[in-house]
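In what comes next, subunit A is part of two complexes: it sits with subunit B in the first one and with subunit C in the second one.
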Partner chain A sequence: MAMALQLEAEKCTGCLQCEMACSYENEGVFNPAKSRIKVFTFHEEGKFAPYTCTQCEEAWCMHACPVEAIVVDMATGAKNVLEDVCVGCKVCTIACPFGTVNYEPDSGKVIKCDLCGGDPWCAKACPTGAITYVDDSDTTYERMRAWAQQAPSAPARFNPPQPKSVQIFDRES
Partner chain B sequence: MRHVIVGAGPAGVVAADQLHKLDRDAEITLISGEAEPPYSRMAIPYYLVEQIGEEGTHLRKNPEHFSGHSTRVVHDHVESIDPGARSVALRDAGSMGYDQLLIATGGRPVKPPIPGVDRPEVHPCWTLADAREIIRLAQPGAKVVLIGAGFIGCIILEALASRKTELTVVEAENRMVPRMMDDTAGGMLRRWCESKGVSVRLQARVEAIEDGRAGHGAAVRLGDGQVLDADLVITAVGVQPNVEFLQGSGIDTDTGILVNRQLQTSVEGVFAAGDVAQGVDFSTGEYAVHAVQPTAADHARVAASNMAGRSQAFQGSVNMNVLDTLGLISSSFGLWMGKDGGDSAWVEDRDRFRYLNLQFEDDRIVGASALGLTDHVGVLRGLIQTRVKLGRWKERLKQDPTRLMEAYLASTRPIGYNAHVL
Partner chain C sequence: MAWTGNVLRVNLTAGTVASEPLNKQWARDYLGQRGLATKYLAEEVDPTVDALGPDNKLIMVTGPLTGTMASTGGRYSVVTKSPLTGAVACSNSGGFIGAELKMAGWDMIIFEGKSPQPVYLSIQNEKAELLPADQIWGRSIWEADGILHKLHQDPDIRICCVGRAAEAGNLYAAIVNDLHRAAGRSGVGTVMASKHLKAVVVRGTRGVGNIKDPLRFMQATEAGKKVLSDNAVTGGGLPQYGTQVLMNVINEMAAMPTRNMREVQFEGAHRISGEAMHEPRQSDGKPNLTTNAACFACTIACGRIATIDKGHYTVQNKPEYWQASGGLEYEAAWALGSDTGVDDINALTYANFLCNEDGMDPISFGATVAAAMELYEMGALTKEETGGIELKFGSAEALTQCAELTAHGEGFGKELGLGSKRLCEKYGHPDLSMTVKGQEFPAYDPRGIQGMGLAYATSNRGACHLRGYTVSSEVLGIPEKTDPLATEGKPELVKAFQDATAVVDSSGLCVFTTFAWTLDDIAPQIDAACDGEWTTEYLLEVGERIWNLERDFNLRAGLTGKDDTLPKRLRKDAANVGPAKGMVNDVHAMMPKYYAIRGWTPEGELTEQTRQRLGL
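Coming up: the complex of A and B.
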């Protein structure tokens, strides 16, 4: 069963516990600057959006790596950075069109979400259920329904905000 | 199917892997012009600082990788191509037939027309062999003159500085990385380098490289008459595509090998990918050489797919680059210099070496450059590539250009459905 991070922005209160959990679990410090998941703030709308790597099929980061330092974790489907192989050239950080691979100057390497090996701490830390780690096939259904409900030709922002179950991922189930 | 790939850099290696993936029966030959196993030039700066060994530069770490992927690696040089006979002529091994041919020969450094450029103290920084020479000569205290402050010049500054050499950079133009950064960013980069003890000479011309004085191997004479002692001179004045062997083949070239959206050249059965290929730039619609790893990998996968008989169209690449100059990280994307009739937004903090410049056409971002920004920079590629209409977010970005991710998430469904929420 493939699992995926489901991010539901409308449930997010901006508490940043996901960032604290992520940085602590992965970097050993409570430091949102070192978190692989990031909560973006929309003051004008009074909203928050957690966002991280979607583990996309295309894996631009992985294909752009000149030293084979990004690999697919066969168990989770995550694209993982092999820290001992990464030279810190940052090419993946410009290759990822979602902006979810970041250079971490203290280590001189890049960091990205690796789904914590299949037990993501951001999801465990989220008190409001805005971040959940769910069966990919459930979210695929939701995604198909979301597509079906929108006018296909209209630009996204003209579409009414219907589906309230929001995923930010795209993987084959 | 016999696939021959000329060039064993990232484009050649990605294409070989993809060909094997798509056609397990394919016979793949990867022709490398160098003695080493296929390696990445991108990794050379990290080899120079001894962060990695030579094997750390290898594109595939498993020595059995290629043989396990029906890929034969041949170390030889292609002297000419005969598309009529579907064969390539090799310098050592005679002729080799192919069904589909991929040219991924990349580029080579331009040798500046300076008297003395062939002296033993003078090297480009391009191959592993060059890197070994640089390591040998760049000893602590050695005087190093770097001719050219472009991308390659800047990316090896760190290595030369950390090897504790005394470093002077000589650049013909009026700023550093003139083809990647504007005056503001180039000026900040210069101040940064000088603050790290590097001497930077702009608008300076090298007249000649001559016999050294006072125990130094060479001396670099500048246009203003000044002479710089040098134990090592590195030339980094640009690169040119390796296309000479195509003469007489009927393959069209311009600034590189012209390829269509299938990455095919003007000759049937011959494809090109990577730094040698001049393909579609989706930000301008024109054809351009974008000599960066992500473009090479994209080219290679599309070319391989078409070579294996699975038609696939290349969506185009965008000019982009990321550079680490003595720890100051810069990046540029698309039309970073702007577009006629467009407008721009920028934010700068000269004291902290921070700069972000966005270039718009209508309510889309068409180019950007950044200094000292490492978080979420890839989204600039995403915004340019997907031609995201920013709507009211354009004004917000003009107020605060750093809110790029927010603009992206609010204006698009990058993959998920944030547009419905925000």
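Coming up: the complex of A and C.
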């Protein structure tokens, strides 16, 4: 069974624990600037959204790389950068439609999510469950379920005030 | 390690910046943040200086755990001499700028002198420069933030800034970072503006890496996070209701100061409470609260992000206030609401937005308006003097008009900007000022919570709940329950809270963790990160040293034991309802014991023995 990161923006509080876990696992420092996952804040709407590589099946970055520095990790399905092969040409950063492979000026190479070899630190560090590591065919299951629960059949008056479920509705409406 | 070892010294008079090594011995003696910066201040500044003159210094400082994965490890403090109290000022803020400063490689910035022209400081890792602030001087913090983001073309910069209130000399002006987090109390923003320093812009990409024992640090912080998430307050009440979780609790026990502390219970509390912020409103079906939000590294996430009803009179024609921004915390809801008798949650949210937009401490502002309302109702302040404002308790319009004028430093707002002590003196009723050492009270009536009376009276920065929050014990039973109406045992309790809090404030962590954590949870995190050995016992010694150093600064500044008191109202006028009905605060019954266990003379001076014991 292949696993994937499931990101649920509606649960995120913007604490950046994931960015620190990621940079610490990969670089040995607490440094959001070197994180493979990035949390965006939309001040005016009061929204936070974590974002990282989706590990596309036909990975654009991998196909674009002229020196074959990006390879598939057979165990996890992650597309990994081989640091000693990468020449820092940045073609992959242009090819990726989502912007989730990035040039890192200190090393002169690119960095991207490698699923931490199957044990994602960001998911372990996230205090709100906004990042989970799940069966990749299930990544939207919880979201569907949340929407289904909003269906009018549930009598609202029996629900005590629950900020989280209200947010889900607000943020996506 | 965990400290970066670098101090940035900025001489505003000469327009120069320089790097110097951190004094490691002082870091060992005072840990970081509040303690460490107070040491620098006490060594470098004559406590008798004019707080708003060039000889005062302003220090922005991080703690050793700032910028790490320790939960809430993102705090920074601003330390200076306060223009409001004449005592040491130390205001603490979350958000993201503290961690960013650390990521840029700095433990602290010391600002000295006064710039001839308005400037701002820009920091990009090791590069720091002073730049002209012509484009942002005279603007609100929110405007300046937008302009600076455009100028720097980097979405990841973090900014702290002062607003028009500070520029106009408001004595309780705040330094606001990340749009709505603030180093709020004691006028630290006023000092910043007096130096012609408008903002600090920081981008740090170096990271924090020099942890003493990384594996143990990860385990210790992990264990700490589990304690926070398992706790009913930090894992439930705070994320759901924010600090506003307290509004109904405190009101029910009749310890909610109301209408300039004349009363102890507010009939409108349920309309401005944390619960009320969740209720969908009539107009658009949305609640006041949009979401909760975390500061850097925080796994509690108590922050409130809120909106004002677009149809409300305050913002009807002002779409710039329709967006979500920092919402009501308990202290703001109390000061702007209960203390002024206003129960209109939209008006309070608007006034709170203005406090953030132009940098004012909402506690001091709200409490000053409350004092002005009492003066007005008794005829000591006339409609002519208020510039036509009908300054009556309960009037939302009066509150929001005052907020606009004070935020912008205009008209009657200039007088409100002096704070309640100076205002009440000016209009002939000094007893109506609800302050200690010139700083306004926070939201716990000490008639119903006796220990808080002693904590307020002896707080080193004037009336403040965050110097020794015995509410934890007296109301919530954390770490153990004590009787809020009793005075026995309170001197010991106050001292224990004061010393422990000084440690938390010096570590880089948030004091709200202490709803769940004791120093036994914090010590392992500090010990794994920092050079040397850091036990709970040693940290308590550090806390006590910090407390005494602050006290010493204040005594040298000219304050005396006589200033350790409460306004007459709280000592003479009994509570009118609730469990404390008929009671006043018995602060002077607690004081001799408190001085004695502090190792001070009966006059409240440090003894030579105490100095030696603590190495002062």
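Operating definition for what follows: the second predicted complex is superposed on the first by the 139 of 173 C-alpha atoms of A that agree within 3 Å, B and C clash if a C-alpha of one lies under 4 Å from a C-alpha of the other, contacts with A are read in each partner's own complex, and residues count from 1 in each chain.
Here is the rule we use: a residue touches a chain if its C-beta (ideal position, glycine included) is under 8 Å from a C-beta of that chain, and two chains touch if they have at least 3 such contacts.
Since the structure is predicted, the reported quantities are computational estimates derived from the model, not experimental observations.
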**OP:** Give the label of whichever partner, subunit B or subunit C, reaches more residues of subunit A.
**Re:** B
**OP:** Determine, under the contact definition given at the top, whether A:13 touches first (subunit B), second (subunit C), both, or neither.
**Re:** second
Original post:
Touching A:125, do we find subunit B (first), subunit C (second), both, or neither?
Top reply: second
Original post:
In the superposed arrangement, does A:45 touch subunit B (first), subunit C (second), both or neither?
Top reply: both
Original post:
If you stack the two complexes on chain A, which partner ends up touching A:97: first (subunit B), second (subunit C), both, or neither?
Top reply: first
**OP:** Have a look at where A:87 lands relative to subunit B and subunit C in the superposition and call it first, second, both or neither.
**Re:** first
Original post:
Is there a shared patch on subunit A that both subunit B and subunit C touch, and which residues make it up?
Top reply: 44-45, 47, 161, 163, 166-167, 170
Original post:
Once bound in the complex, which stretches of subunit A touch subunit B?
Top reply: 7, 9-10, 38, 40-42, 44-45, 47, 49, 51, 54, 56, 60, 63-68, 85, 87-103, 105, 108, 143, 146, 155-157, 159-164, 166-170
Subject >> List of subunit C residues in touch with subunit A within their complex >> reply: 67-69, 71, 96, 103, 156, 179, 204-209, 214, 218, 225, 229, 239-240, 275, 278-279, 286-287, 289-299, 301, 303, 305, 307, 323-325
Original post:
Contact residues on subunit A for subunit C in the complex?
Top reply: 13-17, 20-21, 23-24, 27-34, 43-48, 125, 127-128, 161, 163, 166-167, 170-171
Original post:
What residues of subunit B sit close enough to touch subunit A in their complex?
Top reply: 10, 14, 40, 42-43, 45-46, 51-52, 56-61, 292-294, 297-298, 301, 320-322, 324, 327, 329, 331, 333, 374-382, 385-386, 389, 391, 396, 404-406, 408-422
